[in-house]
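Two complexes come next, and they have one chain in common, subunit A, joined by subunit B in the first and subunit C in the second.
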Partner chain A sequence: MRILRLVLRRLSLSIPCLGIILAVLFFLLQLAPGDAVDALIGQMGTSDDTLSKLLRSYYGLDGSVVAQFTGYLGRLVTLDLGLSVAYGTPVLALILERLPVTVVLMVTSMAMAFTAGCVVGVIAARYVHRWPDTIISVLGMLVYSMPSFWFGLMAIVLFAVTLGWLPAGGISDLRAGHTGLALMLDMAKHLVMPALTLGLIFFAVYLRVMRTAMLEVMTLDFMRTARAKGLQERAVLFRHALRNALLPMVTIAGLQASSMLGGAVVVESVFSLPGLGRLAQEAVVQRDLNMLLGITVMSSVLVIVVNLVIDIIYAKLDPRIDVGA
Partner chain B sequence: MTDLHVTRRAALVAGAGLAFNGAPLHAQDAPRRGGTVTVQVATDPRFLMPALRGNFSITNLAAKVVEPLVDLGEDGQPQGRLATSWDSTPDGLAITFRLRDGVKWHDGKPFTAADVQFSAMEMWRRVQNYGTIVFRNLVAVDTPDPLTAIFRFSKPMPLRLMLHAGTELSYVAPRHLYEGTDFFANPVNMAPIGTGPFRFVNYTAGQHVIVERNPDYWDAGKPYLDRIITRFIADPAGAAAAVESGAVDMSIFSSLPRTDLVRLSREARFRVSQKGNEANSIGNTLCFNHRKPELQDVRVRRAFAHAIDVNFYVRSFLLGLGKRGLGLQPSFSEFFFPGLTDYPFDARKAEALLDEAGFRRGQGGIRMTLRMTSTNGDDAVRFATFVQQSLARVGVRITITTYDSAGYLANVMRDWNFDLTGETIGFRNDPQISTTVFLRSGQPRGVPWSNQWGWESPAMDALIDAAAEAVDPDRRRALYRDLGEMVMQELPMWLAIEQVYTSVTAVKLRNDHNNPRWTGSHWSDLWIAA
Partner chain C sequence: MRALRRYASSSAALIGLVLLLMVIGMAVSAGWLFPDDPLSLAGAPLTPPFTEEGLPLGTDSVGRDIAAQIFHGARVSLLVGVVATGIAIGIGILVGAVSGYFGGATDAALMRLTEAFQTVPSFILLLMLVVIFGSEVTTLALVIGAVSWTAPARLTRAEFLTLRSRDFVQSCRTLGMPHARIIFLEILPSALPPVIVYVSVVMALAILQESALAFLGLSDPNIASWGNLIGDGRRVLRSAWYVAALPGLAIIVTVLAISLVGQGVNDLLNPRLGRR
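Coming up: the complex of A and B.
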């Protein structure tokens, strides 16, 4: 019941927020020179006046900006995201086609980064200022300061080009024409490098947060109590310290889940993956307003859901937190 | 034509120190049936019906499925695809095509002259980009029998123009699937049905197009391949990795970084060549806004040309994959004329011309300040920067503004908001298709890739118009020579560099790149050696 109330309250707050985001985005994109038909003509290589007019009216770009926006909102209520000018197909279909790749990429890389960050962070905190900590901190700094696309490219050169262990890009091997389980395995193989690349940067962040949080928690009074009770060091570390140190980690995870779409653009480009990030980037270049707004709606929903989940995890981790407040 | 390839390649190798290994192999051994070829291109054209929209990234994908009346053969001359022969009346007002018998659409319906008539009158002439220019004077297509189409024009149509434009624009769409529909909303655009050697299987936006062998193709026994997969990989480094790891068999349209092209050309696994791309070459031009008083003086424009060391740029920045331009057309073209007036690199002469025009060095040694507008493509920005630095040395200060494609279109083409631009133009087989449109005055404002430069010259207009209707090939050629010379004299725009796209091909492929517009051709004879 508590959780249901929380969900409802969050959702009611998100809708006006979504409206504001859409309005800002819509009018910001009007400031960019040229519209979708200009971009389309840029790709065709030529056009004439009649053809441009024909295309503008076909894609509903000949009305006033306000009329276009209210029209868009009106359709949005009926879950109609409109037609993509660049692709000439419904926006929703395109997004749903791309969403799974982005979600899988995000979830796997977050999961890997989170788990590895926790483990390595705890080790670093456990051996603070000793050699394991030094090595981990230096490595963490190195990974953190490395641009993700560079890591991606180097991984391609090593694992795909030189060693031939993993595919260089794409989401599946089209030549093999796999189906069913074989296709799933093939896709998993294609996602290894992108997920690692995307996860690596976040890993460095988690690692540092975890280390700091653990160090802080370990100086607290209840830790001394636990040790005084005669608990083993392992139990102290995992049952008492870790659980408390996880709270800042969850906060960071929530924030990063929302920003991952941005990082995904680069990784999706390097590995030529058909994800939402690349679709969004193309939509800007193509001035494909419907597409961009559609992706915004979709990722806003994604962020709202992720934040909800994070809040629920909070409540589970620390019963003192009243998420409804 | 073949000789020209050799010369070009030789010049290229000598100029850049590139070793293009493995000369293209032409079928000595017997073609082998079967197999899949995977091709990489950078951009998804998001449209697959060349009868409605003509550009070479569309034809590259769609020409395997939808066929034109004519294509180019190995010798660079028109070769019939859906047409078997053609003929023009002496006055150039009627051109007759005899059509191939026994051709079927992929859905089983017979192909007839009615399809040609419908495509020409309703699509090419009315809505197809370029088609609206080339077929402007088309008044009717008569179909006295199902295998004859007579194109009737209100003004003389040179046969050469019709045929060469035809290779890019004369794709025939199935009338029975388009008639009475809203063309741009027709699903056939994204799942084309044609008469070609391959049948459309799948298009996934931003990812790939797959086509498969058409067992009922009119050219019995062909095609040799089972499938062609074209993958869209935009990131050049990612594309290079795909080529090197063998995930794709071919990369076309210069989609890899130039340094990778040079590196891969030294590997025995690949052929790196410009052959088969000649008809789709591009040019880097320096264009002037003639509304700007400083640029109205021809001495200023000539000075700019003198100030820019094109050969150095080609050598150092294009790694030899380009060539100094001259006149209006690239050097492979029948309309290229060596010996036109030129402006070789000479910074002193440039300074003298600028002095003579009254633009002396003022404060800080600066003669004038101009804005150069460019698209944000690597190539365009690099060229703009080189122009900026070259002109700085003769006292002309340039500020560069870059836009993405849509922004460039709005600023340069519609609002004329520029002084100089580095325009990248594509050549399409004949000077009349995409070249003279840059120079003819009296065009409506806002038509992109036309005369946004504000250039007006009655003498030039008269030459352009005379050449457009010159039916006699020799006279036509002479008129375009005169036009080229006039352009070099007046420099309304300057074709500084011509570039031919480079392809990287796995050596196991045979019959690839065997005509000058091969990337946009049918590929029915392409096969994979064991």
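Coming up: the complex of A and C.
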């Protein structure tokens, strides 16, 4: 019940947020040279005035700006994202077809980065200002400065080209024609490097947050109590400190959701994964503004959903959090 | 002078400063070390590094000098970094200051706007802006700045929220000072230190974003930039991985230098928070 109220409250906050996003995007579209019809006509290679007039009234592009905006809002709210200029098929279908890969990639890399960040962060905090901490901090800095696509390329050189352990790109080996479990395993193998690449930057962020949070928690009174009552250091660290230090980690995970989706665009391109990000890149190359608009809206919705899930996790972790808070 | 000595007492900050000066040196000296167009042909395609005199880092898949492209690329990265950061911090301070100072409905409206911008993945928004406004390098710097202002805005707002009820602000109000003067001349100087520290984060991200756009082939193709070179090297990755590797190292050094300097400045401005 508490969770349900939290979800409802969150959703009521997300709707105005989505409204602002749509308004800003509409404003941006007004600035674009030419509209969807110009793009369609250009694609068809004709310049027929009556046809463009017909298309404009069909898409509702001949009314006033206000009428256009309400029409645009109405279409987006009903998830009618229009046709892709480049593909000639509905944008929504294209997006839904590509979405699973991106979601799997995001969830895997987030889980990997989160877990690794926790473990390494705890180690750094445990040995604060001693050599393990220094090494971890330096490595974290280096990783943070690395462009993800560059790391991805270097990983391909090492693991795919030189060692031949992992496939260099794609989502599955089409020639092998795997089915069922074998296909799942093959896909997992194809996802190892992309997930590592995307997760790496976020690992550096989580690691730093975890270290700070652990150090913060370790100064609190209940930690001294735990030690005073004779608990072993391991129990103090994992049972008492870790659980409390996880809260800021979960918050950061929520904040990172949108930049992770942005990072997925680049990583999917490096590893030729057929995901949302790759679709976005193709849309840019083909100047398919309608598709880009759809992708932007859908990825914002995805970010809102991820944040909602994270809020629920947060509420589960910390029972003090209530609807009003 | 004392501040300088304190800055220099941290070896990480010092290393960062040296690296940053090195990158700036590369950008400055690019013109007379490599006076020719860095995108002109300089030798046989795919000459490996350290094998030919005059081509210290070899050539790319077309035969263009990699060293020249890296030196000239430093200009692009620094230009994009500085311009984008200036814009992002400018917008961020304006939004955050107005929001935190006035509070109430203004604050609520501006914070909803900030949240909206934080929800849209900024890289995808960037792609859209590139399609609409084009991918000239100055345009790129502007649009990268235009999607990076949210964190500085939140930071400035938080500072203003704590400062606006202080006595010195109250007395300014009693004196009848105009709002703009209170915001920018009275409160802003005290609110600035944490925002200044954040400059390094924004700049590092801006440089990374430009390189990512260029890598995807969505940046200005007519300039020598690190991302462009990596994108080119990707096509010959199997046979000549060094073409992609070398400019990547330049990006890492630059971003690392900026982060280290930022941390050094942070320890300097917020001595209580440092040394943790």
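Structure notes:
Everything that follows uses one rule, which is that the second predicted complex is superposed on the first by the 273 of 325 C-alpha atoms of A that agree within 3 Å, B and C clash if a C-alpha of one lies under 4 Å from a C-alpha of the other, contacts with A are read in each partner's own complex, and residues count from 1 in each chain.
By definition in this document, contacts are C-beta pairs under 8 Å (C-beta built on N, C-alpha and C of every residue); 3 or more make two chains touch, one makes a residue touch a chain.
Here the structure is a predicted model, which means the values were calculated and not measured.
In the superposed model, A:144 makes contact with subunit C only, not with subunit B. Of the two partner chains, both subunit B and subunit C are touched by A:161. In the superposed model, A:215 makes contact with subunit C only, not with subunit B. When the two complexes are overlaid on their common chain A, residue A:31 makes contact with subunit C while staying clear of subunit B. In the overlay built on the shared chain, the residue A:204 is in contact with neither subunit B nor subunit C.
By the touch criterion defined above, A:253 reaches neither subunit B nor subunit C. Contacts of A:274 after superposition: subunit B is touched, whereas subunit C is not reached.
Contacts of A:20 after superposition on the shared chain: subunit C is touched, whereas subunit B is not. When the shared chain is aligned, no partner comes close enough to touch A:106: not subunit B, not subunit C. Overlap of the subunit B and subunit C interfaces on subunit A comprises residues 32-33, 153, 156-157, 161, 269-270, 285, 287.
Within the complex, the subunit A residues that touch subunit C are 16-18, 20-21, 24-25, 28-29, 31-33, 141-142, 144-150, 153-154, 156-157, 161, 212, 215, 255, 258-259, 261-263, 265-266, 269-270, 280-281, 283-285, 287, 289, 292-293, 295-296, 299-300, 303-304.
Residues 112-113, 115-133, 204, 208, 211-212, 215-218, 227, 230, 233-234, 237-238, 241, 244-245, 248, 251-253, 255-256, 259-260, 276 of subunit C are the ones touching subunit A in the complex.
Those residues of subunit A lying in contact with subunit B across their complex are 32-36, 38-39, 41-52, 54-55, 58, 86-89, 94, 97, 153, 156-157, 160-161, 164, 167-171, 174-175, 269-272, 274, 278-279, 282, 285-287. For subunit B in complex with subunit A, the touching residues are 36, 38, 43, 45-47, 53-55, 57, 127, 129-130, 132-133, 184-185, 189-190, 204-208, 210, 229, 231-235, 237-239, 241-242, 244-245, 247, 403-411, 414, 426, 434, 437, 444, 446-449.
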